[in-house]
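This report refers to the structure that appears directly beneath it.
Going by the order they are written in, the chains are A, B, C and D; count residues from 1 in each one.
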């Protein structure tokens, strides 16, 4: 047990902090609207230019080959500095780990630098109108033709789909197959002829969702560098589960985000002109949970650094951060009191937080996974 | 809407109050121990002697033919006066309504007065080692022979079984049957040869449970007045469900019990030498829930008085009182603080309250019932 | 002793529900979130039906009825997520003799719903209640999560004194508690609407080859919602009766109603959103109209802790 | 940076777990609830293994190790529901130089566990810590829900002054926080034990023709228990490190550990009882031994609110 940072790590943290203090933009509008997205893209390019976009990646892909520890430090500093949401996140945090794991060298070298630079912006094409929680019932099809694939079907609830340039998703390539089999993980430029995207509003008012329609869309094998199939044809489910593990677990929700939110909630309470033992204790409880998430992450990174793979524990991480995020924002609104119904960062953040127990696999499904895979309870 | 009591009702309340003030015994030991049970039986006889044991029953059975409203008033006064648990409750609150509904006149006249007088003390024989929540998997058998039945099998978790004189329970009378069919509701004197009873301890330390073994036990048809079969042979499931409805709903848990507990919790808080906004609000919340249970009961009685039957709403009642009872006692222990681990009425009451979400059908099953029968969600 | 609405009251409630289903479908609520001018059609229909006259004395052409007649109707306006200020008008202003204009008020808090739409502003000034014409006040519009709330902060223009309705604290207190009561009723109506919508959805939606409603976790979420509603309803009904009969427990009872109604709307709203999944998380689906109203009303007319504290005070602790 | 026990620490923990499985099975816990004299066999085995010497300095024949070595072992004593006062002895008294006697103490609150069994009483008197021989104090036995706690209130006999160990508030504060830390570790161990017991039970028990563990409601109860344990564990580990390294955040960290460990034991205990059903509600089953210990330790060494308030103070609010 050694919870001290090395001199090198502290130096890295200091460098990140001073760069962020000088560069983090103030009061960016939401990145989940068309104009906000464009501004965020500029910010992502600024990050990339100084090699802060993807610190843990290889240098040739735009990173600093930083350790997971450094990545954690960077994330903590990023949120502490008030850094905005990452509109590249579905690329850099979800797709990229799967490309590192399953991609060919050509795919890695061709796709990752453009992703890090926010030249290509990736969205996730999992859900379909009839395949939400039940991802294995994907019905969108890809038919093999000479030199590529012909896509038909529909994806939906695609976050920021209306603003992105590329989509990664699951398509049924074996028309005879059912459930988890016969699915292939494809990488699809959204300007492919036959692909249309329609944005629509999320609960919080932003145009953050999209439907993506595929009508006889020809996806050429080389439409992305190194080829449009990630992993094996027919092996898409395994790749998708790795991506989903990233979404639930370590990379998408860094502890810095929640710790900073918890500290802001404490500040919100501290600035009130009343004391209330009930609210005060709730602030302490929420802060403890954010801190526990940080500690759990440290444990996980230790484990991964020792060669372990992230497993079904990712479901526990997802349960914790998603329910904590709701708790933090609800508490903030309770501190704010009667004015909580006014639009503002806390009411907006709360609405966003409410999606946490739904996306990336509902929390009901995460609890099933925890019970079955971690406790060994029978599936049926 | 008229929430006033009539002059007659107020007079009834006043009579009950003054009798209770004069007669309620102080500091009876728990009725779930052998010696406590005997003292409680004396108290039940005192109640019966002055016709307060079963106020809503017909006069010829020992009651006052009081309305359900009067019964509620009596219950409220009973708990307010500090009246002890009713060791006759499984008879008078659970079996008796089913005897009124399904029994013959001979059964009513023969069984009920002795039950009210605490001459016969009834326990419930539902659960078996392999039929807890899943009551329909009852395996204890009753075989028809000349002049009676031969019983074989085992019941368990029978509350106060070691101190009672009679048992009502479900037995499989059609050996070919499965699940809900072929069960018969039998009334069994515990001194029947071949019946043995072994008491064992509950979580709270009292000898409140018993196992009842039936080994080739001959139950004569006339072992109880009017016959040992309640309802039809093979129709036991329906009678048992009526009894279970009584257990979950109106009669077993009168609102007076929880209101008085809530007021005592408020008193406990009020006597502390500290103020704590969190605890204070929890007291208010718990009191509101107790009061809401009272109001819901008034609504239910209004409905029943109008001719309705109690339905699956009983499951909601059971969820509410059982979770409220835990909340009330937990709150009391939190007010008491570090001393809460000392044995005393609140720690004892808390342990007892923890059984509420388990017995009379676990709360998981009650939630299934509410979802399926009140909301119409599909069984599977 | 009889707990529950009588036949006339139930008939009035049923008629209001039917009327609102026609006159205030979700499209009307949605439109109220962006329209320059609030569509008064549902309001006029309710007025036509006599809802605004329920608490009006008979000698001024009112129905001369009490809160036990009005509250079930107000519950229905919650079920419909009616954007118009029915609570502020029919429950708060009318008994003060303000007549049947559309009234907005800050008695429940500084955020005034439909302020810019009102014929009359009923403001809590210096401990009393005063009415103002729209041109006597300044509006400061406030962007609300629920846009159909049409919120503003309102203050009298310099020099405008309005017309004094009352400065009797008991009358002001009664008016306040009527507002709390009506808001509680609307929250129960909203909870019903969200639960019903969700039951229909999970029954029809299939995932993993079965109806979503057959999963035990979904059943339990919705059973919890049903449970909370089941016990909040009687608290609202009792509070209506306590208000109508000037019971000494009125303040305690309306606060209890608001607290339990808030819990019911909260549990039902969470369950509804979670069981709808991503479909319910879009503005194209109607659920969000009800959710956002429930969130708003949970905090309007006193937050949860305020009402729990009032009940605690009534308990003498 | 490295989060977690090193190999030696893990090996010590594993060895302690094996030893306690043999030396302190549930029958020993059960017997401690009624025995006149506490059976010292498990205690002697732990002493033999060196557990009492972990925090003892090497120059007095101790192992000279720190809390990161001791806390994982103490967690195992929680898993076994060990009735002996290992926290008061190995964590609180030994670093104060009391040696390896069996020590009972009132530093965590007025209810002293195993008071009548102790060789030495470590009492918090006038702001300082003093040791007393058993014949220097009066015992007032207290009936506890968990009889294996063997509780008493203890006070020095008139005239008995004991031996002063320290009156330095910083030293007393450290001793107190070590007690909190150890109790937190035991609560996590208890939570593990109750969860494991319940997983085994629901897997084997069948109702409605299927394994009880296949019901989604049961899965979710137990997933919640696993979740709470998963996040309490690191909080305890960090608190051990903060204590060992004299970190300025020590008080905050041990309070956080106790609070989250209390939550974990509470969630796991409720889930265990509910999922066992009536079988777990009997004294013939072992579950109650663990449940009652968890209830007791949740309130010993500071109730949940006390620790949340300490964390709030550390947050500057």
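Heads up, the rule we're going with is that a residue touches a chain if its C-beta (ideal position, glycine included) is under 8 Å from a C-beta of that chain, and two chains touch if they have at least 3 such contacts.
Just so it is clear, the structure is predicted and the values come from calculations on it, not from any experiment.
Novice: Contact counts by the stated rule: is the higher one at A-C or B-C?
Specialist: Counting C-beta pairs in contact, B-C comes out ahead.
Novice: Of the other chains, whose C-alpha centre is the longest way from the centre of chain B?
Specialist: Relative to chain B, the chain with the farthest C-alpha centre is A.
Novice: Measuring from the mean C-alpha position of chain A to the mean C-alpha position of chain D, what distance in angstrom results?
Specialist: Roughly 39 Å separates the two chain centres.
Novice: In whole angstrom, how far does the Cα centroid of chain C sit from the Cα centroid of chain D?
Specialist: Computed value for the inter-centroid distance: 51 Å.
Novice: Two or more other chains in contact with one residue: find those residues in chain C.
Specialist: Residues 215-218, 220, 305.
Novice: At least two other chains touched by the same residue of chain B: list those residues.
Specialist: If we look for residues of chain B contacting two or more partner chains, we find 276-278, 281, 364, 367.
Novice: Looking only at which chains touch which, which shape fits best: line, ring, star, complete or other?
Specialist: Basically all the chains touch each other, so complete.
Novice: Which chain A residues qualify as touching chain D in the complex?
Specialist: These residues of chain A touch chain D: 1-6, 9, 69, 263, 266, 269-270, 277, 280-281, 283-285, 287-289, 291-293, 295-296, 298-299, 301-303, 313, 316, 319-320, 364, 366-368, 370-372, 374-380.
Novice: Quick check: in the complex, which residue numbers of chain C touch chain B?
Specialist: 1-6, 9, 68, 195, 199, 202-203, 210-211, 213-214, 216, 218-220, 222-224, 226-227, 230-232, 234-235, 237-238, 240-241, 244, 256, 259-260, 305, 308-309, 311-312, 315-317
Novice: Within the complex, which stretch of chain A touches chain B?
Specialist: 276-278, 281
Novice: Show me the residue ranges of chain D that touch chain B in the complex, using the header's touch definition.
Specialist: Within the complex, chain D contacts chain B at residues 109-111, 142-146, 149, 151, 206-208, 215, 217-218, 273-274, 277-284, 288, 291, 295-296, 299-300, 303-305.
Novice: Where on chain A does chain C make contact in their complex?
Specialist: Its residues touching chain C are 127, 130-134, 137, 156-157, 200-203, 205, 209, 276, 278, 333-334, 337-343, 347, 351, 354-355, 357-359, 362-364, 367.
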